[in-house]
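These are the structures, in structure tokens.
Look for chain A in each of the two complexes below; its partner is chain B in the first and chain C in the second.
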Partner chain A sequence: MATPAQLGLMDAASPVMEEMIYFHDHVMLVLILITCLIFYSMLVLISSKYIYRFLTDGHVIETVWTVIPAIILVVVALPSLKLLYLTDELDSPQLTIKGVGHQWYWSYEYTDYYDIEFDSYMLPLGDLNKGDARLLEVDNRVVLPVDTSVRMLVTAADVIHAWTVPSLGLKMDAVPGRLNQLALQCSRVGTFYGQCSEICGANHSFMPIVIEAVPVETFEAWCDAMLDSE
Partner chain B sequence: MVMSQYKMVTSQASELLSQLTARWKTLSSGTRAFLKVGLPMIIMVVGGSYGLERFSSLRYDVQFRKRRIDKDLEEKFGWKKKEEPVTLENQFETVKKEVDVSDWENIRGPRPWEDSKEFQMKMAELRQKRKQQSEMSGQ
Partner chain C sequence: MYCWHGGSVVKNTTKKGRTMAHQLMRAVPRLVARRAFSTSLARAGGGAGGMPAWQVNPRNVYEDRPDFPMPNVPYVSELSDAQKALKAKEAGDWKSLSDEELKELYRLKFHKTLAEAEAPTGEWKTVVGGTSLIIALTFVLYIIQKKYAMPAMPETCNYEWQEAMMKKQLQMRNNPVEGLASKWDYENNKWK
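Moving on to the complex of A and B:
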């Protein structure tokens, strides 16, 4: 979960998000280097007392400042494309979970082995326990086994919503009449929060998503409990 | 016998080397600079990235290592996967049948001067109605 006044990205909980953080750091380095170079050049030029009024062109420098930016763009684009294709990679998913966006809650279906379906509403303020996150806690969480490749299918029943979990580097529009696919893998146990990311009405800010990554035994016990309660 | 063969091979090698050196000296300085500096740099930059891929791919192999839980679930807990596997295509068919995108009610939110309790009660009624509809369709 994000902490107050947080500026940077959230800690990664999936390998894809780790790669995104590396890429972000890589591009940030390039940007800072370019910015510092430009600022330095500006300072030097402004503070210089020399003027050469017959300066018309400089072939060598013009070649240099065309070739170097092209190389910089390649240095940024190659890892970007690698990451882009990595996010779409879905290799033999172990579980499939369907998430349906409604106004204003999410419903989830686990139908690989048994049919487990439940709704996930935000907990109202009066129902929160001490230490719970306001506007982020839900009554039924999405429970997943850790280190497992999961396919998340996202759709909506009324208007467009968006299923987002920043710690896992996931965001996908939930469009009615369309099924979008996401590759999900939690690399550590924990609770990961997200919020609806597409304006969907009055309570758009009050339909959060909570994922709980647990060991396989805990996942099996949770599934048994859900089946018994149904 | 072996010594004489060795001497013949070394003399041929030194002759070849002197010929290559002479040919190298006849090349223009621009071509020589490209062969000496430019070409090795290009080979190192392009070939190096191919070579380094072997080492950099280790990060993806470690991070994206996945465990199979279906064996755990089937062997340890006796779970069995359904005969018809869950795929994107068959889930899409289900979604097309279940969701009627044209039958959609606009839920008006409470205005600032309105009491949001009525709005919340209406939402609760809608939830109840949807639950009953899904139970009836499930039956």
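Moving on to the complex of A and C:
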């Protein structure tokens, strides 16, 4: 999760998010260069005492400042499109999880091998332990094996929600009557938080998502525990 | 049909028996023609075909503008007798004019010298002062509403909870690449 007063992106927990961070850095460099150029131009023009009253056009400079931005846009667009298609790639997923958005909680179904289904409600302030994150902790987390390609199918039961986990670079609308597919792969063990990202009613801000990436053995033990409890 | 002050446009009449609607109908073409005339003067092309060149101030109104330094009309157009006499003297030999008379002649033609027109006005002090005052007032309003109107912050915002949260985040290895956990020395249990 983010630390207080954090301005930048969180560390990536998936390969796709790593690529997004690189792309963000690339575009930020382009933007800073453009901004510095514009600020410099403005400074020079404002501090100049000369006025040319009969300036009407400048064909050469107009061509230059059309062609160069077009080239800059191509330099930004090529990695952007590559990343766009990368996010859609799904390489033989070993696990499929269904996430269903409700007003105002998420429910998850692991139905590949056995039927594991549970609801994930936000923990209210009174139920938090000292040090827990307010508005982010849930009663039942989404437990996943680390370094495993997972297919996440996202839908909703009532209104449109959105399933988001920024550390993994994931965001997908949960639309009723539609299944949206996400490719999920956690590169490291840890806990990753997200919040509903589509306005869905009064408690839209109070239906978070928590993913717990664990070693495979721990995941198997968790599955056994869930089946026993059901 | 009623106009902005509630009176009827159709019914009320002037002394000459003209209704307001009638007056408006007569005024519109006159106003449009006046606007078209001034626009055509201002937008006329650069000197070709006998048309006047573009002027920033096409009307004969005196204006001190550093970027357009020669107005069409003199500053003082109605001269007193003494000023007329001075103008007549100007028609003769300029060497006979004293410094005071030269300055007087200049002030008849122009309101300000270039240096006076370009001189800073100090308006920036008013702008900065006014803006600072309004920002200060905003702070005061914020403090009042924080003290009397806003509800208390949740306990998760107090120092002990924040400390416990940071400990948990370090245990979870939160952001271990460049973020929080990367700054903690796990072997020696202290910040790097």
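In this section, the second predicted complex is superposed on the first by the 218 of 230 C-alpha atoms of A that agree within 3 Å, B and C clash if a C-alpha of one lies under 4 Å from a C-alpha of the other, contacts with A are read in each partner's own complex, and residues count from 1 in each chain.
As a convention for this text, contacts are C-beta pairs under 8 Å (C-beta built on N, C-alpha and C of every residue); 3 or more make two chains touch, one makes a residue touch a chain.
All values derive from a computational prediction rather than experimental measurement.
**Student:** Are chain B and chain C a fit on chain A, or do they clash, once the structures share the same frame?
**Tutor:** fit
**Student:** Going by the touch definition up top, name the partner, chain B or chain C, that contacts more of chain A.
**Tutor:** Touched residues of chain A are more numerous for B.
**Student:** Go through the superposed model and pick first if A:P15 touches only chain B, second if only chain C, both, or neither.
**Tutor:** first
**Student:** Kindly classify A:N140 by the partners it touches after superposition: chain B alone (first), chain C alone (second), both, or neither?
**Tutor:** So A:N140 meets neither chain B nor chain C here.
**Student:** Please work out whether A:S197 is in contact with chain B alone, chain C alone, both, or neither, and reply first, second, both or neither.
**Tutor:** neither
**Student:** If we overlay the two complexes on their shared chain A, which of chain B and chain C does A:L125 touch? Say first, second, both or neither.
**Tutor:** In the superposed model, A:L125 contacts chain C only, not chain B.
**Student:** After superposition on the shared chain, which partner residues are touched by A:Y113: those of chain B (first), chain C (second), both, or neither?
**Tutor:** The first partner, chain B, only.
**Student:** I'd like to know which partner A:T218 touches here: chain B for first, chain C for second, both or neither.
**Tutor:** After superposing on A, A:T218 lies clear of both chain B and chain C.
**Student:** In the overlay, answer first, second, both or neither for which of chain B and chain C A:T87 touches.
**Tutor:** neither
**Student:** After the superposition, what is the least C-alpha distance between chain B and chain C in whole angstrom?
**Tutor:** Checking C-alpha atoms only, chain B sits 13 Å from chain C at its nearest point.
**Student:** Can you give me the overlap between the chain B contact set and the chain C contact set on chain A?
**Tutor:** none
**Student:** Mind listing the chain A positions that touch chain B in their complex?
**Tutor:** So the residues of chain A in touch with chain B come to 15, 18-19, 86, 91, 94-96, 98, 102-104, 111-114, 119, 145, 147-149, 151, 153, 155, 157-159, 176-177, 179, 181, 185, 187, 201-203, 216, 219-220.
**Student:** What residues on chain B touch chain A, complex-wise?
**Tutor:** Result: residues 60, 63-70, 72-73, 76-77, 79-82, 85-86, 88, 91-92, 95-96, 99, 101, 104, 107-110, 119, 123, 127, 130 of chain B touch chain A.
**Student:** Note which residues of chain A are touching chain C in the complex, please.
**Tutor:** Those in contact with chain C are residues 1, 3-4, 6, 10-12, 51, 53-54, 125, 128, 130-134, 188-191.
**Student:** Could you list, by residue number, the parts of chain C that touch chain A in their complex?
**Tutor:** Residue positions touching the partner: 46, 67-68, 154-156, 160-162, 164-169, 172-180, 182.
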